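Note that subunit A is present in both complexes that follow, paired respectively with subunit B and with subunit C.
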Partner chain A sequence: MKELSLNILDISKNSVKAGATLTQILLDETEEKLTLKIIDDGCGMKKEMVESVTDPFTTTRTTRPVGMGIPLLKLAAEMTDGSFTIESRHFEEYPENHGTEVTAIFNKNHIDFTPLGDVTASVTTLIQGSPNADFLFKHTLPNGEVSVDTRELREQLGDVPLDTFEVILWIEEYLKEQYEALNN
Partner chain B sequence: MTVNDLLNVEGFSAVVLAEGEREIEGVYIGDLLSWVMGRAKSGDAWITIMSNVNTIAVATLADTACIILAEDVNLDESVKETAEAKGINVISTPLSSYSAALKLYSTLKV
Partner chain C sequence: MKSLAELQAIKEKMQNKVALRDGSGEMRVVVGMATCGIAAGARPVLSAFVEEIANEGLAGKVTVSQTGCIGICQYEPVVEIMEAGKDKVTYVQMTPEKAKRVVEEHIKGGKVVAEFTLANKA
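Our next item is the complex of A and B:
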């Protein structure tokens, strides 16, 4: 994918599909490194599945024989001499604290580093597509932080669904303003 | 022309020959796998310098006629085994992607 934000969207959708009530998208950026963590409390995967999930010929989809989201994220990280790990706790074995955690570390100064791209668009698309799931997005930069937590929004909004047009527009503006404030 | 015909052209050799009679109907060149995945057409000879297991997966998805690894790019033994298992033709050439495409055009009119 030309931008990491598209990878983020792809992987986070897996979390929602795994029944996650909360998906955390955490970006931690220094001058040299970008660390991406996607942590969900979905159903998790069994050990064999975790081991085979970076294999592009494994997928939960029945429409095609291969699933490319995780393999491509792993490749993108490794192309920058970075790293990729995935840990999962299946609900049958961990009924109280099941879920999956994906970590990809990128060397930002490597020539093959894929730019992050429009992460605001990815986050709003994600919220709009799954208004009943919760998301915590936090992007930590050397000079500050950008974040949105749908649990907090839900508290403020009461019965208004998160995928209401005005709400989505507001979230988009809210994130943009935070990024702009950091750039000034 | 078929993949076997291509192997008769100087500069192209088989790494994995799974289906020699597969017809080559076009050519696609690209190294960004996610990009190629949505754009290479069924029956294309796909010229690339990417030679990991994901390359084989993309060739499976796009149903390309063969992968042509340009500039003598090496294929790991484990990836070779995957290509064999999935029935994916892989061809090697010392030529650059551009020169390989030119040769395909001039000798085979693809």
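Our next item is the complex of A and C:
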């Protein structure tokens, strides 16, 4: 993957696939470190699955027996001397608070750090692809914060789906403006 | 700066449109967005379809959706176009530029862009 934001898009789709009603994508950035957390309330995974998800030959896809999503994110973090952890609570064992939490920490100044890239495009694409799920995206930077919460958008929109063209283009502009305001 | 209240205006506009949309010819654009598709550049392809279709005023006629791995990872980004009563068209190794041509010639003009199809590669 050329941008970390593409890994974020890819991994967040797993949360939707796991039936999450809310997926939180949290980016916390300092001068030295970037911490990515993806927290969902999906069905969760059993212990054996959690142990094997970093193996490229573990996958939920049915078209090919290879799954590169998690291994690629783990590699991207470890290449920067960072870390990758995944914790999950399967719904059978945790009927009240099931879900999965992925944490990847990157050293931004490491030569092998993959740039974050276009997060706005990833968040917009994620919402476009799963208009019935909710997402909270929050990017905390040293000089401020960029965020969007689809639950708040839904309050305004009522029955109008989130993947309506005009809504998607609006979300893209909404995030872009927040990033521009921080850069100025 | 944009405010959430602007969504109210979109809502009102959309509610007026719903009645008009009924019975229009449905066309579906489906973009493969599994790990393979994303790594090959599917995200900007999807954005290009969304933008072009909205700009060309085709939003009422066309839906854009995402799917998982179609199984031909070496041909990603893959885009399928489905239309009632017509054969499915599979476009391969797509780019945002190719997406613009597909919107213009196929979705708007009704003519398949043969050079971008899977049939042309096989």
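The criterion applied here is as follows: the second predicted complex is superposed on the first by the 184 of 184 C-alpha atoms of A that agree within 3 Å, B and C clash if a C-alpha of one lies under 4 Å from a C-alpha of the other, contacts with A are read in each partner's own complex, and residues count from 1 in each chain.
Methods note: contacts are C-beta pairs under 8 Å (C-beta built on N, C-alpha and C of every residue); 3 or more make two chains touch, one makes a residue touch a chain.
Nothing here was measured: the structure is a model prediction, and the numbers come from that model.
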Between subunit B and subunit C, whom does A:Asp55 touch in the aligned arrangement: first, second, both, or neither? first
Looking at the overlay, does A:Tyr174 come into contact with subunit B only (first), subunit C only (second), both, or neither? second
Let me test your reading of the model: by the given contact rule, A:Leu75 touches which partner, first (subunit B), second (subunit C), both or neither? first
Does subunit A have more residues touched by subunit B or by subunit C? C
Just subunit B (first), just subunit C (second), both, or neither: which does A:Phe165 touch? second
Counting contacts the way the document defines them, which residues of subunit A are shared by the two interfaces, the one with subunit B and the one with subunit C? 1, 6, 64, 68, 72
Per the touch rule, the subunit A residues reaching subunit C in their complex are 1, 6, 9-10, 13, 61, 63-64, 67-69, 72, 118, 121-122, 124-125, 128-129, 152-153, 156-160, 163-170, 173-174, 177, 181
State the interface residues of subunit B toward subunit A in the complex, per the touch definition above. 32-35, 37, 52-54, 56-58, 60-61, 82, 86
Inside the complex, what are the residues of subunit A that reach subunit B? 1-2, 6, 55-57, 64-66, 68, 71-72, 75
Within their complex, state which residues of subunit C touch subunit A. 1-2, 4-8, 10-11, 13-15, 33-36, 38-39, 43-44, 46-47, 50-51, 53-54, 59, 64-66, 68-71, 73
